[in-house]
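In structure tokens below, several structures.
Each of the next two complexes has chain A plus one other chain: chain B in the first, chain C in the second.
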Partner chain A sequence: MALRFSKLAFSVLAILFLVAPLIAILPLAFTSSVILTYPIPSWSMRWFTELFTADAWRRAIVNSLIIGTGTTLLATVLGTAASLGLRNRLVFFRGTFRTLFLLPMVVPAVVLGVGMQVLLARFGLTNSYAGVIIAHTVVAVPFVVVSVTGALAGIDERVELAAESLGAPPATVFRRVTLPLALPGVLSGAVLAFATSLDEVVLTLFVAGPNQRTLARQMFSSIRENISPAIAAAAFLFIAATIAIGLIVVLSRSVLAKRRAPVH
Partner chain B sequence: MSARASRTGRSLFLLAPLLLFLAGFFVWPLFSMMSQAVSDTAVLRLLPQSAEVLAGWDRKSPPTPEMQTALIADLKAVEDTQALGDMVRRLNSARSGFRTLMSKTTSALSDEADPPADLVSIDKRWERPEFWLAIADALSPLTDRNLLAAVDLGRNADGEIEHLPADQSVNRVILVRTFWISALVTFACIAIGYPYAIIAASLSGWKRDVMLAAVLLPLWTSLLVRTAAWFILLQEQGLINDVLQMLGLTSGPVQLIFNRTGVVIAMTHVLLPFMVLPIYSVLITIPKNLMPAAASLGAHPLRAFLRVLLPLSLRGVAAGSLLVFISAIGYYITPALIGGPGDQMISSIIAFYAIGSANWGMAGALGVVLLAATLVLYSVYARLSADEPGRR
Partner chain C sequence: MRRRRSFLLPGGEKVAEGRMRGPALCPTARAREPLLAEFIRFDRITKFYGPLCVVENLDLGIGKGEFVSLLGPSGSGKTTLLMMLAGFEQPTSGTILVDGQAVNDVPTHKRDMGVVFQSYALFPHMTVGENIAFPLEMRGLGKAEIADRVTRALDMVQLSAMRERRPAQLSGGQQQRVALARALVFEPRVVLMDEPLGALDKQLREQMQLDIRDLHRRLGLTIVFVTHDQSEALTMSDRVAVFNKGKIEQIGTPRQVYDEPATRFVAEFIGETNLIEGVVARISGGEAAVRLASGAEIVSAVSGGVAEGATVYLSVRPERIELAEARNAAHNCLETEVTDSVYQGDHLRVELAAGSHPLIAKLGRRSREFEPGTKVFAAFSAGDCRVIAPPDGQRQAAAS
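For the complex of A and B:
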């Protein structure tokens, strides 16, 4: 009995530790005060107004969208193509390639940032959107590779062989069979790539100029220099976006699954 | 061409773009960071003529007139004052006294009305071979100074490796601190994550779903949002202090932010999912009837745990610990925002050298140390997770 009770108490406390901080920050986005403390004197939308009208925040949101979109496109195309290439067991160094593709997840961001800054300066790409998109793509591509490789592994190769034997050229097999089956993996890879770009601070710190300040970068310096409830409002947007994107992924997966379900 | 060869060709064609991209923007940056750590061209860049003449010097005899003429020509040709400052700083660190000697020399050389005949007439110190030796040594484009300095070592006048004086030995303190904070976070993650995973694996249905969702939700939330949340919770008028005072545990606010406590709490929260998930994935493969079997044979629950569950789940604990530790040693954002000056880890120091003081050599050298530690630990982790039985 005592064991069961302590198990329950431990679980509740641990869940509280994991989830409570994320919930505690949400109401503060709607405070009317200029300081980030409870109790909240009265409710107001002033910090969301601030977020969308103050020049620094508005530009940061736009920059995040530009850089996030560029990163998603580049990482998804490169990662999906490479995952398709990795399917072939005849390719030499397949394991080495796979490790190389996943390594950007492991290397500390600061180390990569130092090297990236040195290299991009040599190409004249510092303080440019292209430079930031390239840097974000390097760390986003492993997520695409993991997710697409997983989806491809679940495809029954006999389906593709069947299409081939019925006379479909490789391009058609890919377009009509492989790609539709792998689409959920490609989509979640793209979402993860966008999320990675949205949340990336360290590389941005090294390669972005003042004109490429992203939302995450702006949050970082705002926590550091002058913290205001605009942070809580930005965090609210982040969490809302996370939930929205998660729902989109779940819904699109179930729609895709339904479309593919055998007709009785 | 056979079908097989054409398929392989197609696969390589698909792999090539990402391979080229990562070679150019991932491998190359890491190499240029490493080469920054060992490159040392501050002196060579400015003294090309002296480099040629000094190559033929026996390193012992007093300076020849040719050496002096070459150095005068090189110094007269310098226009970039910042590069000159870099060179003087570099030479002064090898031999103190160079700063005054060089400023005296350059101002004498710029005197158009009364040009000096040679360097010795400007300052007697130019007769001594030690100063020329310092220049000759600094002309080499490669150096191990930064790498040695990254672990608080240096070379003395005879070229032997020795410990730097205590007032210059800051990096070892930071390395030890980085490993210590990472170890504390790893222990905290084991202490919370291991029982959590055991409980989650023993449950079923919605209870298990709730426990897993509680781990996945923070994992999906932005790192910056989580750090901001802890910043708000831990501050002096934050919720945690409010609750502590309401419960009467403390009379005044407790300092929880800008110190070690805050950093460990926030990093444990951020990294806990990386501990729970590997342990959980090992635990669910263990047959559920083993613990009841041990109990039915008369084993005390603690003994059953120590002899059955612990050995079987140890691989998951090891994998989770390595994952947490590897992530922790490279952390930058959380210590930078939640920690005080005494909690900055190696990443912050690298960022300081790179962004704050543009000292690429030191940033690169410390980066090499961090990269090496990470890759060694990661290879252990990769071996550990590749050895999973039943996955071959």
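For the complex of A and C:
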């Protein structure tokens, strides 16, 4: 009984530890005060209004959406292609390649950022959307690879062989069988890529110019300049968007799964 | 007469009606003779996986409309051969011919062969109807015709009610019937089956065996069927090719491979047998006299390739042995002692010792019981006994 109680207490503490920062910041989004601090004098939506009307914040939100969408598309296509390629047993050094694709996950972002800046400068891509999208894609691809590789591993290879024997050329097998079956993995990979791009700060600091200031970057700089509760409002937006995306993924996956779930 | 309910035709009485009406539906009317026209030929096929040789210089011809089983233990190369015919694998050397054309370089999707896998391999994201429509769509058929042919295919396997279900909502047997319908609906040149019944329980498996055999006869399909189950191969096939270590040990009708095994492997792999070692003393007129270690002499049928003085095995099927109290001059007789006797419902299994050599006899249900220790004569005719050259000896070219 004592053990059970201490287990419970430990779990509660661990969860608190994880969500405490969120609990600290979220109520401040609704403060009427002009500084980001407790106590909250009264509730107000003024900082959300600020977020959507102040030029800097509005541009940051639009930039985040542009870069996030670009990154999602590029990373999903590249990551899915890589996963498909890594599936082929005939590829030499398959394990090595898989590790290489996952490397950006563990390489320090600062190192990547410096390298990226030097490289992009050579191609004249610094201070451009393309540059930021490329940089974000590098760190987003591993998430897509992991997610899609997992989905592909769940496909019985014989299903694809059967499709081929029934008269489907390789491209059709991919379009009609492989891709639909891997779709849940591709979808969650895409969502992870978008989320990665959304909160990526370090790389953005290195490669983005003033015109590509993203929401995360804007939060970072404004917390140093003026401690405006607009930051808390932006944070609230982030959380809401993340939860919404998460829900979409969970729902779409369960719909896809239901379609082929065993009944017995 | 009670007929088993077949999934091939709706309703038992219709089956009976069909059987009476058309000669095509009557099993005895179909030519059981060896192939008239060779349709598939494996010409000196060799397949290596790295340093491992899975199929070795193999020749095999399959006739149009023939049901050939590739039978062997796992790792004997039978599935690899099937995968090469389907185009999933490439032979390291040799040529595969279908209808006179080399197909080595023809990709799978252009080979026009229906494949049925043990794991069913249905498309989990499509309904049963969509699964069966898939090969028809690939062939660019019109919507109306596809719908019509899917309906007929579903009727054929008695799954019309399941058209809108997903594969995961069906039982194993139902899934395999969908896989079968999908592999047949586009009327392929050949149907390849890779242990299709392996995942089903015994009763369902036996039902499906008879159903597939019926289907083969009704539609005149050419079927290549891979199995490791010898009774399945014997039940269904026109001919059985027995595989061992990448080679065909023997190919023949079920009766031939069972009654006239060419090698020790075939004799032991198909059914149960008694193997007795001896030396050929004389050969005359298709019969050989073989002297056993005990000094007894046994007369056996022999089919060439064995020389006088050679050490050979004699193969005698347990059900061909009769137990007699007195010596019978017309038969081979071995003096034996009963060591054990087990009643097994449909037969009585008696274990004997001929000197130090163990023998097994399966006796009919009406046979009397034998107490352990009883002295009896194990009698069998020369025709119920085969001479098998040991592998290192002058083995006859059984595979060709």
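One rule holds for everything that comes next: the second predicted complex is superposed on the first by the 250 of 264 C-alpha atoms of A that agree within 3 Å, B and C clash if a C-alpha of one lies under 4 Å from a C-alpha of the other, contacts with A are read in each partner's own complex, and residues count from 1 in each chain.
Just so it is clear, contacts are C-beta pairs under 8 Å (C-beta built on N, C-alpha and C of every residue); 3 or more make two chains touch, one makes a residue touch a chain.
The structure presented is a predicted model; accordingly, all values stated were derived computationally and were not measured.
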{"item": "Partner chain(s) touched by A:I66 [first = chain B, second = chain C, both, neither]", "value": "neither"}
{"item": "Which of chain B and chain C A:F101 touches, first, second, both or neither", "value": "first"}
{"item": "Partner chain(s) touched by A:I40 [first = chain B, second = chain C, both, neither]", "value": "neither"}
{"item": "First, second, both or neither for A:S165, with chain B first and chain C second", "value": "second"}
{"item": "Contacts of A:D156 with chain B and chain C, given as first, second, both or neither", "value": "second"}
{"item": "Set intersection of chain A contacts, chain C complex versus chain B complex", "value": "170"}
{"item": "Residue ranges of chain A in contact with chain B within the complex", "value": "3, 7, 10-11, 14-15, 17-19, 21-22, 24-25, 28, 35-38, 77-79, 81-82, 84-88, 90-91, 97, 99-101, 103-104, 106-119, 122, 134-135, 137-138, 141, 145, 170, 195, 198-199, 201-202, 205-206, 216, 219-220, 223-224, 227, 231-232, 235, 238-239, 242, 246"}
{"item": "Chain A contact footprint on chain C (complex, rising order)", "value": "86-88, 107-115, 117, 119, 121-125, 134-135, 138-139, 166-169, 171, 179, 182-183, 186, 192"}
{"item": "Of chain B, residues touching chain A in the complex", "value": "4, 7-8, 10-19, 21-22, 25-33, 36, 192, 195-196, 199, 210-211, 214-215, 217-218, 220-233, 235, 237-239, 242, 269, 272, 301, 326, 329-330, 332-333, 336-337, 347, 350-351, 354-355, 360, 363-364, 367, 370-371, 374-375, 378, 382"}
{"item": "Interface residues, chain A side, partner chain C - complex", "value": "156, 158-159, 161-170, 172, 176-177, 180-181, 259-264"}
